[in-house]
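Paired with chain B in one complex and with chain C in the other, chain A is shared by the two complexes that follow.
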Partner chain A sequence: MRYLSLYQEGNSLLHKIDPITKLLFVIIAILVPIIINTLTMALAFFIISTLLVFVARAFKRTLPIISFSSLVIITVLFIQGLFYLKNQTPFFTLGPFVFYKEGLLYATGIAIRIFNIINAVAVLIFTTKPSDLIEALVKKGVSPKIGYVFSSVLQIIPQMMSIVDTILDAQKARGLETEGSFTKRAKAFIPLIGPAVLNSLISTKERAMALEVRGFNSKKKKTFLNEVPYNKYSNVLQVALIAILVFSIIWRIISW
Partner chain B sequence: MNNKKSMWSFRFSTAQLVLIPAAVGINYVGKLFAGILKLPLWLDSIGTVLASMLAGPIIGALSGATNNIIYGLTADPISLVYALTSIAIGLTAGILAYKGWFDNWIKAFVSGLIIALVATLVSTPLNIQFWGGQTGNIWGDSVFAFLMAKKFPIFLASFADEIIVDLPDKVITVLISFAIFKSLPKQLISIYTDDHKIEKL
Partner chain C sequence: MVNLVVEHLKYRYPLGNELALEDISFEVKKGEFIGIIGENGSGKSTLCQAIVGLVPNFYKGAYGGKVLVKEIEVAQSDVSEISSYVGIVFQNPFTQITGSKLTVYEEVAFGLENLGIPREEMIKRIEESLKLLRLFEYRHFNPFELSGGQMQRLAIASVIAMKPDILVLDEPTSQLDPQGSEEVFQAIQDLAKNGMTIIIAEHKIEKIASYADKIILLHKGKLVDFDTPEKIFSREDIEEYGIVPPVYTRICKSLNVKNEAGFYPVTLEQVYYELVKVYG
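Then we have the complex of A and B:
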C-alpha cells in the first residue's frame, strides 16, 4: 500500500536518534527564536538546523522545499527593503528604487527564521519513518485513536490522488470541459469534487464498521508491534532540549 | 445538523474519528482540482468545513489541525504554524452549523463571510510574525506593498493582504461545502451525528 512519506533509508547519526527527540528539537527550533526575538538567536538556530540537515545527508532533498519558500522571501526582501516603516539609511539604488538598510536587515531576519523552520522540520521528516513517529507518540501517551487518524491520513491521500485521475477521466468522457474560459473551468469544479467527496464519505462508513469489528473501541491496554531500541542518550538529549526551552522562557521573563 | 446535544463533546464515535482523515483527503483533492482547473483560489479547506458541518466544531478543528500537520510534514513545513488558522476555521464552521447558520444559501453566504473574517484575524499575526506581514499571494502582496508605501500600520496592511485572498476563497469554499452537504444522502449524514437515532418505521 502506498504511504505518503518523505522518509529516506539511511544510517546517519540522526536516523538513529529516536523520533520524540527530533520532534522536540523541531518544537524548540520554532518556539525559542519566537520567545527570544533577536537576530542572534534566530541565526544560532538557523546554523544548528542547517548543520543537522547536512549531518542527516538530506541537503539535496531539502533544496526543493527551500526554493519553494525562497520565491516569497525574494518579494519580502523587495517590499521590506523599499517600504519597511523604520527605513532610514539608504543602502543602494536600483533604477528609481532606493533600498534601505533597516528593511533589508529585517527581511534577512525573516529569511533566516523561515529557513530555520524548514531545516528543522526537514531533519525530522527525512530521517524518521512516519509510522515510527506515530508509534513513539502513542507510547508517550497520545491516544491510539489519534495515532490511527494520522497514519490513516498518510494512506488515504495517495488513494485520493488516484481517485482524482479516475474522476477526471470519467467526467471528461461525459463531456465535461476542464480547459478554456474561466467560467467553464469554474463550472467544472463541482462535478469533480462532488464524486470525490461522496466516494470518501462512503468509504469512511465502511472503514468505521471494519474498525469496530476489529475491536477499535476496546478499552483493553494496547500493545505494540515493534519494540525499537533507541540510542540510550535520547533521554539526556530530551532533558537538555526541554531545559533549553524552560531556560529561554525564564530568560524572556527576567529580561522583560 | 440541528441535533440538540452538546457540540463540545470529546467522546467521538468511530464514524466521527474516521471522518477526520477523509476531511483531510477532501482538502487535498480540493486543492488539487483547483490547481488542475487553474482557478485563482486555494479551495483547500472544503473537507474541514464539511467535517464541521457533519460532526461539529471539535471534529472540524481536529480535521483542520491534522490537515496542516500532515501538509507541514510532507510538503511545506511553514504550513505547520498555520494549523492555528485551520483550527479556527473548523471551530467557527462547526459553531455556525450548530446554531443553524447553514440552513439556506443566504445564511451560508453570511457564514462564509464570518469564517473568512475569523481566518484572516488568526492568520494576520502569524503572517506578521513569520513573513513580516506578507501572504505570498501576488494580488495580496501588491496591496500590502502599496499600503506599506503609504505608511499604513503593518497590521492594517497585512490584514488587507490576507483578507483580499481569504474573503473570496473562504466564501466560495463554504458555498461549495454547503452545496455538497445539501446533496448528501440523509442516511450518510446521520452516521456522523451523535444521537444514534435508529430509523423509525
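Then we have the complex of A and C:
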C-alpha cells in the first residue's frame, strides 16, 4: 500500500513520546536560536537535535537530507567567506580567492541553524505517523476539516497516481505512444489529462457525499477512537519546552 | 410501524429541464426489504439520495413534497444529523473510503467519531459491524488493500455502525465482479435477517426478485407501481419499462404456471413449489 509518509517503525524513546511534544520541540528548536541570536545558542540546539536523531535511530535516513543540504551550505560558505560585508580578517587563501574569518563564521552560523532545523524536523517525521500527528492536532482544536485534508492527501494522492497509471495503460493499449522524444511524451499527456481530471472530479464529488452521510459536518462534539496514552513525561517536557521559549523571549527583551 | 414516508416527492436538478422525480409517494414499514428497479435515467439513484437528504441538501435544485424518516423531514435537516437514522451505500466502493484512516477498524470509526459516540460504545459497534459483515479478520488491513467486494462491505459496515433504522443501497454491486457481488448480497441478506429496513436500487433482477418484500418500479422519474415482486414481474407491460423479468418468471409465463393468487413465480423455490403442485 503506497502512503506518503517518512515514518519509520521503531520503539525508540522518541517513538513513545506524543506527537504534540515533538512538534513543540521542532517549533522551539527553530524559534529559540532566532530569538537569542547567538552562535552558542544555535550550537546548543544543533547538538541537542543531533543527539535526538541518534536516540530516534534515524541518522541513516537523515543523512541523505543533510548531504543534499550540504551542497547549498558549501555555496553559502563560499559566498559569505568571500563577500560578507564585515569581512576584515583573512583566514585562508585558495588560489586567487581570499576567505575571511568573519564571513566564514557567519556562514557557519547559518549552516548550524539549517542543520538544527533539519535534525529537529527529522526527529518528528521519522518517529511520528502523520495520522497520529494530525489526530493529535485535531484533539488540540485544529479544525477536523483541515485535519482531514492533510490526512487524506497522504493516501488519496498515491491512489490517484495509480488511477493515472491505469488510464495511461488503457491509452497505451489503444496505440498511444508514451515513450520517445519530449514532444512525443508531451503529446501523450493530452489524452491522459481529460480522463484523469474527470475521474478526479467525479471521485471528489462522490467522496464528499460519502463523508456527508457519515456525519462529517455534524455539529456534535467529536470523539476519538485512538487514545493518546497518558505519559507524565510528555506533560513535563511540554511545560519545560514552553518555559524555554518564554525564558528566551524574556531574555531577548531584557538584553535589548 | 412505518419507518419511511415519501409524499408527493418532486425534484429537478439545478441544471435539468425535466423533473428527475415526479409525484412519488410510498411508505416503508420497519424491517421491510424494498427493491427499486427501472431503466437507466428512471430516477433510482435520485430517489435513494432523496431518502437520505442529499437531494436537495447536497445537490440543491427544485424540490417539492416530503420525505419523512421517523417523522423527521429530511429536506429540513442536515444530512449529517439524518445519518443516524438512515444510511446510504453508493455504487463505487473506492470513493466511499474516507482516505484518512489507515486501518479497516479506524475506517468504521470515522462516522462514529463525527457523531460523538463515546469510545467504549464505538469499539462495541465497530466490532459488531465488522463481524456482521465478515470483515473482522481484515480489521488491521489498510482499506485500500481490500478487494472491491470487501471495500463495499466495509462501506456497509461503516454505515451500519452508525445504527441507522434504514439502509439505502444505490446499485452497490454495479462495479463489482460476480464474486464481489455475491459477497455483498450475502451481507445484505444477513442484515435483512437481523431486521434492518433495506431499500436497494439494483439492476440484478434475479437478486431483487428473491430478496425484496416489495418493489418500486420507476420510469422516467414516475412511480409506475409499488407492489410484491410477483405482481410487478407479472405485469404484461413490464418490458415496456426496460425491465426483463427474472428467468423463472419468463419460464413460468411460457408454461403458463401461476401461483394461487394468479401471478407468475419469481424465484426457483416458488417455481419448484408450483411445478410440484401441477406435476406432482
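Just so we're on the same page, the second predicted complex is superposed on the first by the 208 of 256 C-alpha atoms of A that agree within 3 Å, B and C clash if a C-alpha of one lies under 4 Å from a C-alpha of the other, contacts with A are read in each partner's own complex, and residues count from 1 in each chain.
Just so we're on the same page, a residue touches a chain if its C-beta (ideal position, glycine included) is under 8 Å from a C-beta of that chain, and two chains touch if they have at least 3 such contacts.
Not measured: the values here are computed from a predicted model.
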Contacts of A:Val121 with chain B and chain C, given as first, second, both or neither: first
Which of chain B and chain C A:Leu176 touches, first, second, both or neither: neither
Which of chain B and chain C A:Leu105 touches, first, second, both or neither: neither
Broader residue contact with chain A after superposition on the shared chain, chain B or chain C: B
Contacts of A:Leu43 with chain B and chain C, given as first, second, both or neither: neither
Contacts of A:Phe83 with chain B and chain C, given as first, second, both or neither: first
Touching partner for A:Asn226 - first (chain B), second (chain C), both, neither: second
Which of chain B and chain C A:Tyr148 touches, first, second, both or neither: both
A:Val213 touches, of chain B and chain C: first, second, both or neither? second
First, second, both or neither for A:Ile249, with chain B first and chain C second: neither
Residues of chain A contacting chain B in one complex and chain C in the other: 148, 152, 155-156, 159, 202-203, 207-208, 211-212, 216-217
Touching residues on chain B, where the partner in the complex is chain A: 12-15, 17-22, 24-26, 28-30, 32-34, 36-39, 43, 46-47, 50, 62, 66, 69-70, 72-78, 80-81, 129-132, 134, 136, 141, 144-145, 148-149, 151, 154, 176, 179-180, 183-184, 188, 191
Chain A to chain B touching residues, read off their complex: 4-6, 30, 34, 65, 68-69, 71-72, 75-76, 78-80, 82-85, 106-107, 110, 113-114, 117-118, 120-122, 124-125, 130, 145, 148-150, 152-157, 159-161, 163-164, 168, 178, 185-186, 188-190, 192-194, 196-198, 200-205, 207-208, 211-212, 216-217
Residues of chain C that touch chain A when the two form their complex: 49, 52, 54, 58, 78-81, 83-84, 87-88, 90, 92, 94-96, 98-102, 105-106, 109-119, 122-123, 126, 142, 144-145, 155, 158-159, 162
Touching residues (chain side chain A, partner chain C) in the complex: 1, 3, 129, 131, 144, 147-148, 151-152, 155-156, 159, 202-203, 206-227
